[in-house]
Amino acid sequence: MQTKDRYIQQFDETQEMALTTKNLHIYYGDFEAISEADLQIPRFKITALIGASGSGKSTFLRSLNRMNDNVADVKGEIWYRDLNLNSKEIDVYAMRRQIGMVFQRPNPFPKSIYENITFALERHGITDKKELAERVETSLKQAALWEEVKDKLNQSALALSGGQAQRLCIARAIALQPDILLLDEPASALDPISTAQLEETLVNLKQHYTIVIVTHNLPQAARISDYTAHFSQGKVIEFNNTKETFTDPKVKLTNDYISGDFG
Amino acid sequence: MNAKRYDKLATGLLYTIAGIVVLILLLLLGFIIIRGLPQLSWSFLTTPSRAFTAGGGIGIQLFNSIYLLILTMLISMPIALGASIYLNEYAKPGKVTSIIRTMIEILSSLPSVVVGLFGFLLFVVQFGLSFSILSGALALTVFNLPLLTRSIEDALKSISNDQRNGGLALGISKWETVTKIILPAAVPSIVSGLILSAGRVFGEAAALIYTAGQSAPALNFANWNPFDIDSPLNPMRPAETLAVHIWKINSEGIMPDSSAVSAGAAAVLIIVVLIFNLLARWIGRLLFKRLTAGS
Amino acid sequence: MDKIRESILTKSHASKLERRGKIISFMCLGGICLIVLAIFIFIAYRGLATFTSDHVSIFKFLGGTKWNPEVTENGHPLVGALPMITGSFLITILATLLALPFAIGTALMMTDITPKMGTRILQPVLELLVGIPSVVYGFVGLTVVVPFMRSIFGGSGFGILAGTFVLFVMVLPTITSMTVDALKSVPKDYRSASLALGATRWQTIYKVVLRTATPGILTAIVFGMARAFGEALAVQMVVGNAALMPTSLVAPASTLTSVLTTGIGNTVLGTVQNDALWSLALILLLMSLAFNLAIHLIAKRGELKR
């Protein structure tokens, strides 16, 4: 079955897309980190980006909401709501409000748990006390952290455990009620129990959000994602629904990678 | 066995050298404290100095030093903050940035007397500010800016990039991420740097003799209207500081007790610098503890 | 839906803030650079007047041994700066040479022999030495070093030697702390490799550590020299302020900075006497540049070697 060099699943017209990339090339100086990554990311699904270290998946992810602006040279198109995000007219700050990102290492601000969530909200013009309190509660509940922190909202967020801190980072991202959440190996710094909690949280979140997650943890990708894209040397070589990717890969390299012969 | 003997000898020599260095500091401090401490009294610290007779104090000079320090810090702090934010957060590595960095390096290594002479030409003569607190504060700002900028930049640099990414990913501008998250997190080291530079400014004299002047006109401590000529707050009056006073009475003083007065003034200078030093450590540690409390 | 599109296409509050912040912070930085340029322009303008409008030959200025701007000889004022230049260099070099063994010794104590005592005792000692204001050094020099010189060598006690002793203590912490940085940048493996080969600690320090750290130590020395060369008041208080060619280390002499600090206030801006002083200031400024350049060159060489 693994006869192809490349397999990209095509969607029919009825499937709504959250993000679509076209002719994307990303350079670090002379080095081309991404050379072929035409990807359609369906709405309200979890899409996992997998691949060996250095395959370009994190670079790709960080370019989606222009976090690479001063780091790498991004050429090509990123379509979101009929807008090419990779163009000058885009206001990156307003755009990032819609396309949030959570990083590998939990990075709560050195402020209270409450302020960690309200800080960005206030910056985006939400200052009504009642609404702020509501958003804090809703986002913490959605991130499955509310029960653990509801009595210590005014304590420093730096006192949280790694898993709690990461869920706080997710909470503060979804408090902005974005469209899309980009997650860059969000569980790699967490212990197994925290990881399991985080995965459960993500699966619940996809009712409201489109999630793109970079992960090195293949079982995790298999457990939580609907679609999987396999990156290899700056190219997407396989994109399919997750079940098929893991049970019946169409590309040999993907088979090698998921069966552990590679990377 | 020869090598081993050499080793012992060299180690002994190194211990001696370090001992001498410590001894030099102890002697220095001891000399100033022993000589100066008996001079210190409330009246010495508060009465005006006398030019020709014994028994004068350092009240006005002490006030001038403190006032100048505060003014200098008020002027240099925002500029240094802005400059260091640009350098650490916005400047892209390249030719322009490296030229700017070199210029700041050059400024920081300029002799303070050159800074004072420049202050004389620009502030005193060109701007017509004459010998005044304001001229002095501006000259000290020039003297203070490069080091303060450097220390704030180092403080900013020590804050992890994760925090910057965190702010940016939430659609917050870099400016607000830096001013509202990075800067508060860097406060402990900024404050220590600030206090250390305050010590330097407090003891500086060469940059002041031709900017703030070498005379200390009588002040009326009941008049706090900054526009009155005898008001302590008037920034346009000439103002000899403590450090300048020490230099002045030792190089051309004719008061009979100039040695005693300078010993007392030197002791005050040293004590203030010591306090600044300890304060910088203490505040740095305290704020560090508070910020990381609970983790 | 449309609202979101619109928000992404219009300039947000955040991007306006970002622009404003960038401009404000750049203006601060630009201001500092302007100051640096202004310093050079102002001092060069005044300092060059001696040669352009007062028509003093630059060689006579740098090579002349008589400094007496009040007196004119053959229509030119007597402004030979060599005595001060010699004085400045002598004091700088002597103080640095004297400080060097102490600085390296102390630095070695802090990095290789007793790092614990280093951070607990020597580090604060150095910080305090740096923190003591230069007028205090001058005062101690005047009340301790000068009388001491007088009792040993006779004469007034003022002179280059007294200045050397004062500056020695002042540059010591500068050179030491930078030497510490240089020694710390020598990888630990070098030390352990040398020790594992059977070398004693001293052999390791002497043959491996100090040699690897040489560019860094050179930088420390240049920094110390720059500080010594530019120090004004402490030196002025003990050097004697006689603008004569130094013939003895214990006779009154002068430096560029000492003549400047005493002279500027006693001359009128725009006169030959005053212009000549600004030329001295220009020399100071150029020397400071030269020290900077030296540091850059050493750093570049160090990089090439690695």
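Note that the chains are named A, B and C in the order they appear, and that numbering of residues resets to 1 at the start of each chain.
Heads up, the rule we're going with is that contacts are C-beta pairs under 8 Å (C-beta built on N, C-alpha and C of every residue); 3 or more make two chains touch, one makes a residue touch a chain.
The chain lineup, named per UniProt: A = ABC transporter domain-containing protein; B = Phosphate transport system permease protein PstA; C = Phosphate transport system permease protein.
Not measured: the values here are computed from a predicted model.
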Chain-level touch network, classified as line, ring, star, complete or other: complete
Identity of the chain that, by mean CA position, is farthest from chain B: A
Closest chain to the centre of mass proxy, which here is the mean CA position: B
Pair with more cross-chain C-beta pairs in contact, given A-B and B-C: B-C
Gap in Å, rounded to a whole number, between the CA centres of chain C and chain A: 54
Separation of chain A from chain B, taking each centre as the mean of its C-alpha atoms, in whole Å: 49
Distance between the centres, which are taken as Cα means, of chain C and chain B, whole angstrom: 18
Sites on chain A at which at least two other chains make contact: 92-95, 97, 123-124
Multi-chain contact sites of chain B, meaning residues that touch two or more partners: 171-173, 176
Residue list for chain C, restricted to those that touch at least two other chains: 12, 14-15, 18
Partner chain B, residues of chain A touching it in the complex: 65, 67, 70, 92-97, 100-103, 105, 107-111, 119-120, 123-124, 155-156, 158-159, 169, 172-173, 176
For the chain A and chain C complex, residues of the former touching the latter: 81-83, 89-95, 97-98, 123-125, 179
Of all residues in chain B, those that touch chain C in their complex: 3-4, 6-7, 10-11, 13-15, 17-18, 20-22, 24-25, 28-29, 31-32, 35, 78-83, 85-87, 89-91, 100, 102-107, 109-115, 117-118, 120-122, 125, 142, 145-146, 149, 171-176, 178-179, 196, 199-200, 202-206, 209-210, 214, 243-244, 246-247, 250-251, 259, 262-263, 266, 269-270, 273-274, 276-277
Chain A contact footprint on chain B (complex, rising order): 92, 160, 162-163, 165-173, 176, 180-181, 184-185, 291-295
Sites on chain C touched by chain B in the complex: 12, 14-15, 17-18, 20-22, 24-29, 31-33, 35-39, 42-43, 46, 101-102, 105-106, 108-109, 113, 121-122, 125, 127-129, 131-136, 138-140, 142-144, 169, 172, 176, 199-203, 205-206, 223, 226, 229-233, 236-237, 257, 260-262, 264-265, 269, 278, 281, 284-285, 288-289, 291-292, 296
